[in-house]
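Contents: one structure, followed by commentary.
Going in written order, the chains are labelled A, B, C and D, and every chain counts its residues from 1.
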Amino acid sequence: MINIAIIGYGYWGPNLLRNFNANSNCNVKYLVDGREDRLKIAKNQYPNIETVTNIESIIEDSNLHAVVIATPVFTHFELAKLAIEHGKHVLIEKPMTSNSKEAQLLIEIAEKKGLLLMVDHTFLYTGAVQKIKQFINKNEIGNLQYFDSTRINLGLVQSDVNVLWDLAPHDLSILFYLHNEKPISVQATGVSHTRNGIENIAYLTINYQSNFIAHFNCSWSSPVKLRNILIGGDQKMILFNDIEPAEKIKIYDTGFQIKNDEDKHRLLIDYRVGDIFVPKIDQKEALQSMAEDFAQGILNKVTPISNAHKALEVVKVLEAAQISIKNNGKEVKLDSLWSL
Amino acid sequence: MINIAIIGYGYWGPNLLRNFNANSNCNVKYLVDGREDRLKIAKNQYPNIETVTNIESIIEDSNLHAVVIATPVFTHFELAKLAIEHGKHVLIEKPMTSNSKEAQLLIEIAEKKGLLLMVDHTFLYTGAVQKIKQFINKNEIGNLQYFDSTRINLGLVQSDVNVLWDLAPHDLSILFYLHNEKPISVQATGVSHTRNGIENIAYLTINYQSNFIAHFNCSWSSPVKLRNILIGGDQKMILFNDIEPAEKIKIYDTGFQIKNDEDKHRLLIDYRVGDIFVPKIDQKEALQSMAEDFAQGILNKVTPISNAHKALEVVKVLEAAQISIKNNGKEVKLDSLWSL
Amino acid sequence: MINIAIIGYGYWGPNLLRNFNANSNCNVKYLVDGREDRLKIAKNQYPNIETVTNIESIIEDSNLHAVVIATPVFTHFELAKLAIEHGKHVLIEKPMTSNSKEAQLLIEIAEKKGLLLMVDHTFLYTGAVQKIKQFINKNEIGNLQYFDSTRINLGLVQSDVNVLWDLAPHDLSILFYLHNEKPISVQATGVSHTRNGIENIAYLTINYQSNFIAHFNCSWSSPVKLRNILIGGDQKMILFNDIEPAEKIKIYDTGFQIKNDEDKHRLLIDYRVGDIFVPKIDQKEALQSMAEDFAQGILNKVTPISNAHKALEVVKVLEAAQISIKNNGKEVKLDSLWSL
Amino acid sequence: MINIAIIGYGYWGPNLLRNFNANSNCNVKYLVDGREDRLKIAKNQYPNIETVTNIESIIEDSNLHAVVIATPVFTHFELAKLAIEHGKHVLIEKPMTSNSKEAQLLIEIAEKKGLLLMVDHTFLYTGAVQKIKQFINKNEIGNLQYFDSTRINLGLVQSDVNVLWDLAPHDLSILFYLHNEKPISVQATGVSHTRNGIENIAYLTINYQSNFIAHFNCSWSSPVKLRNILIGGDQKMILFNDIEPAEKIKIYDTGFQIKNDEDKHRLLIDYRVGDIFVPKIDQKEALQSMAEDFAQGILNKVTPISNAHKALEVVKVLEAAQISIKNNGKEVKLDSLWSL
């Protein structure tokens, strides 16, 4: 049985508590939050959990095996470092840290200590993303050509991070899970309609050595809610529409074949438009699978789906995008960050 | 009565012929196309029109008042120049020319001669765009904040122009019609999945002095057809979904107000979500209005909606986008082209 | 403070408990259910509520003012009768009773005792139905011409009541709330695909003295979930699509005017197709308003929206529909039941 | 080569003319219409066709092999009878005749003469219906359980036939093409909102010996356009949504299995919800296939898909529905008409 402390009982904390509490390999021993009223609410529903207001009072407990961090991003690094240094396995809410240097440091010290460091990119555990991964693994889609994400809605403008840091981690984690090629550079543009200069609309392109391209359209200022990802292969194409209740994934038997371009003025591409397949999606709660993946990572040394290396890639792209936005969209090579 | 010659009877020519033929101020005197078989088809349906295989044989006709050019883009400049030099008013299919220098030259010589030079950006004459323009003019939308267009589909890859030159003119002409601010610079990225290096997917951002931003997502390689434009104001927002048969335009009574940001950690924006209004759209064929606008421009010296200056702006952005794509998305100032 | 006992803690009971518990005029004193395990679950979450396994043990409590009945339909009559006879106000889950005779008897004895008898047709308290009622009251819709409901889905075939008794009460209660005319007769047809002969698909028509008509399409066997109600007036028409998250109600400025039919072979109707209006809907939980309506009915003798007389009409139509189905769809006059 | 005369050049005539003109087995020799202006329009486009104002002047032509009748319904019988008596094959627009007696008479005399009598139920030749038929034939759907059609829109109220005669023939012909069981009886209700008493809204149920049921919801008075047919089998279910441009047919791998009903209070049906398949639909114009089916019926004595016996069934149901509506929805046995 893995004894766990959950730190932070804000928006996401209750979901983590509920799912780790239900996991048969885990025992939530502590809940940590500076706000007494939040602790009280939790205590009411889970009377057996010990609630404390600071991590220091429990971090020395040798019977505590793992720490789950669901606090604001800027606190992730210090909390995770403290936990790892005390020999605890660590799960961090996405995004992993405020910058890639911190993320890399955490990975290094966790690896030295032989501890699991994982990041909760919950989306990877949804039935929809798992189903897409299956189709790609079975090579039904062919060579991936593009990844095009739109995640827009009326959203709460935040005071510390822009819309990319808020929304893009979902799509970036999905991209890196589905497509293994190492990205080369990013370009981002955005605009802020508030005085504090935090972008509420932003566009991000990720460039690759091959002719694969990834693009992200993120906005807190759209009157309509869209959550689309298009994934194009040369055999088939996928539409992942997360808003659709019954038809989240559509696999289009639509591809294109490049023909000889002898005649410059004739079509170069031969399109094939065929059937559409809408697979049934597993309805299991994603967080339940995430919690189990964390437990298995600890118990059986299995590399989790949402591992720290993938999460670092997400942070790197966000960091590079930030630099690009502040430099009028100039291309930022990821290698320049990679070397940190 | 304005005597007209239509040059080019390919994809769009028949629509132009049908609409100019039906216009009470215009008389289609000549149809010009090098392909005898195309001329024969037209002659069958319109026995009174004189068909010829080259423009030279008719351009000296002093009874010919105007020329409508519906040939491939790379021929626009020479044909239009010839016609203007012979004292004819000219309507050119979009995009106006292959580069902004040519477009500017045409404008100059047409103005010197006192002739009308107009470009057929048909979309501006649709009931939908006209309705949006009315709402903006009535100041119902407030200050415009963004313009976000998605125009993707399975499309025929062309041998001479990329997807931006093919699809973006529609959205660019709409943008410049609805929002008067002068754009500062553009950034574009794209990818080609064919050997000839012509981009089939491209993303374009247009930057402004104010915090207005415009973004365009164009693709010939999407399994789904999307034709969305989101126009955000600080009072209301508009969704123009051109695929919807009955609800093309939705006006969202959704706005945001910037509040004092005294407390950095509280919300800075106050959203208001209200009713949605779906106005009835005029169903009149857009080309019919376009033809009449051309006639009125000649007869009454009215500046047409789709005038050459706006069309030049479209060409400039396309040209700058091309430069940006070939330079890995670097920012291209429009002033650098403006000075040509 | 109204002391309440809730009887039945199955599917709906927890929602009733939560909402009455949150109502400032009500105090849930008792929870009654024969199943100890269900009581235990409730006790865990609401430690202050007294849980008992039978109604007899609490019905004599003079400090108990009202009883909420959420048990299977066939038990409603006996439980409600018992409660009324002991001087308790009563709220019954829909449908009120298994037949109209029972419903009428309950109304009679409750009126004699001066007690409130109300039925929980929750749908009437949704923001959507309230908004529709407002539009009708403001006379924007004109004279109502038809009510056409489709409520189909994959549903659990029940062992005691058919699909009409399960699904139609929602739509019938909405119809009777929005349109005051007294129905004359019903016709129903249906089919059972199970051995027990319980209809899983059924169609119901309600006839009126005027040329108003109401039709209901109910199915447990549809692969798609539809929840549409069309309400046609001679001025405007309403589409209530309960599945739409953001656009539940659309008001179509579409009407028809009857023209002189002098010429039998010309159109007799002049259609007007105009704008569509999608009003913002109040998001407040309907059950919260229902609980408050029950409380106000007791405290201030206000006739509740979902009153027993309207609920009786629902039962009468269901009963008549049952007779019609079993008689191959023959017309059943409601007066024949009315006289019971 | 089959020489054809087309009678009636109103709404549908031009489509028939265009398709028969393009058919390589047919030669449109005559066009017949009493209105000179209609003939002139046709003559302009098809100069080789002989136009005449009455059928008598050509019916004796022994070189005329077949007659296509596209005139108002009430004229079908006399025209078809005349043509058959002169030894011509006959194609009639749907619905075949105004009543089943006439339809039966035409069938009898055509069979005596050994001539082809066919009715143009165009919908049967659409790629969508053909695809559905294939799935049913391959036994993928299992035993059919229900057919539920909704065909509503704003429509022009007609002066001579009600909404069932106008809209239901499409759905009835599809039903009889897909499901072979002989219907037993019909019930119909409807309402007229015009002075001439012609129903603009009507509901029709068709009953069968088995537990199959068919239902039709037809309206000229809906603000939204719906064209849905649900076809339920015990293995899979089909949704045919004719308004969807790209996903007209969805095959739901959703079925239900009847389980032992030993325990009356447990579920009797076991639902299986699976993948959805959206087959590609053949885009060929349906009328083209219909014309070819008529030609093949003449040349090779192949029974056409849209044959007169099926068309007679459609007329019988319409006739019975009419009787039912006028008798307050009472059940009308089809055998009572059959015996005519």
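Quick notes on this one:
One rule holds in what follows: contacts are C-beta pairs under 8 Å (C-beta built on N, C-alpha and C of every residue); 3 or more make two chains touch, one makes a residue touch a chain.
Remember, predicted model here, so these are calculated numbers, not experimental data.
Comparing mean CA positions across the assembly, the chain most remote from chain A is D. Looking at which positions face the partner, chain A and chain D present mostly the same ones, since more than half of the interface numbers are shared.
Each chain gets one centre point, the mean of its Cα atoms, and the points for chain A and chain C are 44 Å apart. Centre to centre, using the average C-alpha position, chain A and chain D are separated by 54 Å.
Between chain A and chain B the centroid-to-centroid distance comes to 39 Å (mean Cα coordinates, whole Å). Each of the following residues of chain A touches two or more other chains: 224, 246, 250, 273.
By the touch criterion stated above, chain D contacts chain A in their complex at residues 246-247, 250, 253, 273-280. Residues 145-146, 148, 150, 152, 154, 156-157, 159-160, 185, 187, 189-196, 198, 200-201, 203, 205, 207, 211-213, 215, 217, 219-224, 230, 232, 234, 237, 239, 250, 252, 254, 256, 258, 261, 264-269, 271, 273, 328-331 of chain D are the ones that touch chain C when the two sit in their complex.
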